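Chain naming follows the written order as A, B, C, D, E and F, and within any one chain the residues start at number 1.
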Amino acid sequence: MDMSGLLKANLLNPIALSFALGIVARLIRSEFSLPKDIYTGISVYLLFALGLKGGVELADASFASILKPAGMTILLGVITPLSAYGTLRYLGKFSISDSAGIAAHYGSVSAVTFVAAGNFMTAMAQANPAIPPVEGFMPTLLALLESPGIHIALAIGAIKTARPEQNIKHVLHEVLTARTMVLLVGGLIIGALMGHKNWEVVQPFYDSKGAIFRGVLCIFLLEMGVLAGARLGDLRKVGPFLFVFAIAWPVVHGCLGAWLGTLAGLSVGGATVLGTMAASASYIAAPPAVRVTLPDANPTLYLTSALAITFPFNVLFGIPLYFRAAQWAAGM
Amino acid sequence: MMSASPLGTTLQLVTIIAEPVLEEQLTRELRSLGARGFSVSEGRGQGSRGIRASDFGGAHVRLECVVSAASAHAIMDHMAAHYFAHYAVIAWVSEVHVLRGEKYA
Amino acid sequence: MDMSGLLKANLLNPIALSFALGIVARLIRSEFSLPKDIYTGISVYLLFALGLKGGVELADASFASILKPAGMTILLGVITPLSAYGTLRYLGKFSISDSAGIAAHYGSVSAVTFVAAGNFMTAMAQANPAIPPVEGFMPTLLALLESPGIHIALAIGAIKTARPEQNIKHVLHEVLTARTMVLLVGGLIIGALMGHKNWEVVQPFYDSKGAIFRGVLCIFLLEMGVLAGARLGDLRKVGPFLFVFAIAWPVVHGCLGAWLGTLAGLSVGGATVLGTMAASASYIAAPPAVRVTLPDANPTLYLTSALAITFPFNVLFGIPLYFRAAQWAAGM
Amino acid sequence: MMSASPLGTTLQLVTIIAEPVLEEQLTRELRSLGARGFSVSEGRGQGSRGIRASDFGGAHVRLECVVSAASAHAIMDHMAAHYFAHYAVIAWVSEVHVLRGEKYA
Amino acid sequence: MMSASPLGTTLQLVTIIAEPVLEEQLTRELRSLGARGFSVSEGRGQGSRGIRASDFGGAHVRLECVVSAASAHAIMDHMAAHYFAHYAVIAWVSEVHVLRGEKYA
Amino acid sequence: MDMSGLLKANLLNPIALSFALGIVARLIRSEFSLPKDIYTGISVYLLFALGLKGGVELADASFASILKPAGMTILLGVITPLSAYGTLRYLGKFSISDSAGIAAHYGSVSAVTFVAAGNFMTAMAQANPAIPPVEGFMPTLLALLESPGIHIALAIGAIKTARPEQNIKHVLHEVLTARTMVLLVGGLIIGALMGHKNWEVVQPFYDSKGAIFRGVLCIFLLEMGVLAGARLGDLRKVGPFLFVFAIAWPVVHGCLGAWLGTLAGLSVGGATVLGTMAASASYIAAPPAVRVTLPDANPTLYLTSALAITFPFNVLFGIPLYFRAAQWAAGM
């Protein structure tokens, strides 16, 4: 499949279409939105499901097979916040707080983008039997990439702005024990402990390739679309540099991640997903942490770039691109 | 600090509307500034600042505490010094009458 | 099956029984009720599911096959508010505002009643292989019938009471972009775009004939029963004319709809569903629109008749009747 | 319009409890009557009117805005003229003290 | 009982924060003590008492009613007599101005 | 399987693991918790599902086969509040209000513990074909055991503290019409009326052995773990007597229930589930009823013992024990 075929397949996916519907709903000034508690409840389900399945497959994986990908993931968790901070601070001339705040978002990862990449690879593998399934331990890497970037970026911000340390420690603890971490890491452990027999009993409910997970995901993306659409009005406020950054930075780091993933021995699908993770920006864990520790960082900048530019870009266009990069890296 | 009224002791009710991420730290600080208790509810709003961080729809928390006039002063000064500049926050004080006034001041 | 057999089959359906349970719960003064956000979340799911499936099947339908039924649906969307307004204003001597307010409800449609009719026809078709399945494009007709009736009735009210126009425009926009429309029309478009392959992936979750959709529907109807039960106490307040109207008007327009549907070439099942749509009264989109534009219309009248009389009547007794009418119209 | 108090400027807090369908239009009108911001929360209630439209359980919205006395007057008059007759609505005004009073009046 | 003010009649706003299990009985009692209506919202809080029954996270209900001064007295006395000892409850009274004062007192 | 094998199988179950995760989340001071409305929504689903399935199977059961187990259940509903009250009041020297309040909890039943016992027996029956499936009418017994214990304990409290009667009547009505009763009893009736054919249509959604029910149950137990974990800090406050009571009383009454169930002709699985019911303590219906009628009973005592001691004990260790007791009673 050539690039335009990949793009089309990705865009006609119900997940991308649901996201688009949410944006459109907001553009026509509909008052539609999912109740907040439903949105939270769905995110609990999605994250726990990811963790459980990842755990079941983690129990099957050899330590050796994970070691290199895990190391590469942590490396990305260190590179991405530094590169984002440097680019914004020294090329973009943003303030320390703004640079560190945005870097915390891009140094972390968006679980929904991760899921969209997995979905894309499932469709690719179905269309082309030569493509192997994505490694089952990828959710472990997702958990690994979640928090280091936030910690590093906030530490930079705290050091450079010389702010009191106590608050920071409190916030770092919150990042480490946030919903995402509890569900993902907890799910991984439960999945690893419970074994295949117990997994089979709940698999139709939790399997990320199943109808329930994907159906629920559509509703989640519908609301994500509404949230992203609500920020479109702020696009003008982010300025040309950040706008370009929010697309170019993911492209560069998505390809980098895909390449590093390939080096670490991941399959083309695994490398695509790792690249997508690197390219994605957190909009759940990072914002409150940044808000509390860097109050003078402008929320419009980090929320709009992460949610209204980078997220849609990755889900709609980035993933096929990182797949291409992974194919290229694998010499296919 | 307290004065008696036909409806009980006269105290101050401090109402603070703030970004949700601040709830925990604000309630900690209220305690340390003399509040013996507080009540919290959720809502949404608009002010001069368009955006609110860490939430996607303008949600806020509303904290109420019944305190002595001295504490009310301290809380308002604290809010002005630490929150008004950077955060979407509003705070006001009003006079209320309670029974068992010694419990709250 | 004779009429009493049809009725019994309909009443012993878990959907009708769940509705009855909700009513009973309220009658015994139980405090049970579904949290509002759950209720909203379920309605999002149900409407989106209807739209998606309708869209997938719409993509298969020829333009010619839909044209006539669609035209007939729009005709019903014009007839029903006018006939309801006329009956209430000139026979029932209701005020302009009350007449227009109630007409806005009966001129629109209840999605749950629509689903109940579809369910009924699925059961009929299972019991009798001679009955063909209902046309897959019916959700398209549902979307078509949703708003014209509200618009027409509110326009009548606005003209006759000579109220300021600005507010009306705002409200009409709200009706057109309400949750129901976004999900139904959006779902139709997504369904039509995504194609069968993508549909199959999520079908067990979204299919209105599947266990999940129907199971969730039972919980939704349980709460509808609680809401309807809460209005039973107001039955005395609606007066004898409106009480009779709330049953007789649906019977007349249900049979009319079934007949017009048959004329338009719909199968007996499709005609039954179209009749049910005509006979049903909106209680989601219409009430807020009426409340804002016609403040002196009495909410007790329109809410109680739509929710506590017409809705139960249709779900429990009306649907089998409209089915009979459709059979009769088809000369069976 | 404003007077200084030991706890800051004295302003008026207008609280409106109304049917949810009115929220959007009320907040628009509050803005035009001088409110620089407002806060909204949700609740339920009972009054003389039994039924509430467009909701099935007596839900309401509670709007609060801190304004000058002149605006408070204007808002109350507006409520009386346009809402009290047909809608389930209650509104009251109380005195509050704020810092940065010029931001709200 | 009522006095006129430039912003309308002066009445009393009684605010009660209480455990959710008490809502039904409290609203019944408010009615019988002269409240013509009331508004309820939900929240959470902390006070001297750590635990709250029948809920697992410190949730509470917040009742507000605009009443005459006499009713306000009666309500506060009733609260003190029947609730303060055993329940996690706080109640306060403040002065408010309403239009249509006769509707509430 | 020996006792340690049973325990291990029970502890590595995703349901027990999810519960443990919730406790751990709270111990590491995570802010994670399920939105309250989601929690309520899930409990509606679980209870209604239990009722429906129980009803379908109740319709199949002969009156004779249920009579003895039902009688035995009611007997347990009388014995358990009395024995709990006596133990606490006369051995433990608790006040009348505290004794009656705690007895109301232990005299009633925890539906989630009931489900966990059913789950455990399903796993046992799968591992060992000699173990017959649990009787399908067990949810009927659950409904029978729900309220008598609360009524008896509150009556004792009311009589002994000589409090006004009116309030009590109001509260007893509330207990009888509470969510649990409406859903369980209502579900039983609907299930019995709708018949197998209608059941099959919704079975994948509602079946307590299905993936959806069990998957949702995991999320529910995750939150139960959070709630129980939040009470662990109060363990010191309950004192040594109540701590021992909260484990020893369930052991005694769980074994008693298993034995009485066997006498009443229940299978080993049915007897295990009945024993578990007797051993379990309500934490949904009982607390508000006790709070309103016995305001001077200390909520810390009854909530902490029921939720933070007895519930985890039963789910993690008690159930395999009552199974052993039932095997012993059946002479296996």
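Things to note:
Note that a contact is a pair of C-beta atoms (placed from the backbone, for glycine too) under 8 Å apart; a residue touches a chain by one contact, two chains touch by 3 or more.
None of the values given here were measured: they were computed from a predicted structure.
The fewest steps needed to get from chain D to chain F, moving only between touching chains, is 2. Looking at the partners of chain E and chain F together, they share no chain. Ranked by how far their CA centres sit from the centre of chain A, the chains are topped by E.
Look at the CA centroids: the one farthest from the centroid of chain D belongs to F.
Fitting chain B to chain D on Cα positions gives a rotation angle of 120°, stated in steps of 5. Per-chain Cα centroids separate chain D from chain E by 19 Å. The distance from the centre of chain C to the centre of chain E, each centre being the mean of the chain's C-alpha atoms, comes to 42 Å.
For this pair, chain A with chain F, the centres built from the Cα atoms lie 41 Å apart.
In chain E, the residues touching two or more other chains are 41-42, 62, 94-95. Shown for chain C are the residues in touch with two or more other chains, namely 35-38, 41, 212.
Checking each pair of chains for touch leaves A-B, A-C, A-F, B-D, B-E, C-D, C-F, D-E, E-F. Chain F meets chain C in the complex at residues 35-38, 40-41, 44-45, 48, 52, 173-174, 177-179, 181-183, 186, 189-190, 193-195, 198-199, 201-206, 212.
Residue ranges of chain D in contact with chain B, taken from their complex: 6-8, 11, 13, 27, 36-42, 62, 66, 94-100, 103-104. Across the interface of their complex, chain C is touched by residues 19, 21-22, 25, 50-54, 56-57, 59, 86-87 of chain D.
Only residues 33, 36, 167, 227, 230, 234, 287-288, 290-292, 295-296, 299-300, 303, 307 of chain C touch chain D when the two sit together in their complex. On the chain A side of its complex with chain C, the touching residues are 12-14, 17-18, 21, 24-25, 28-32, 34-38, 41, 211-212, 214-216, 218-219, 222.
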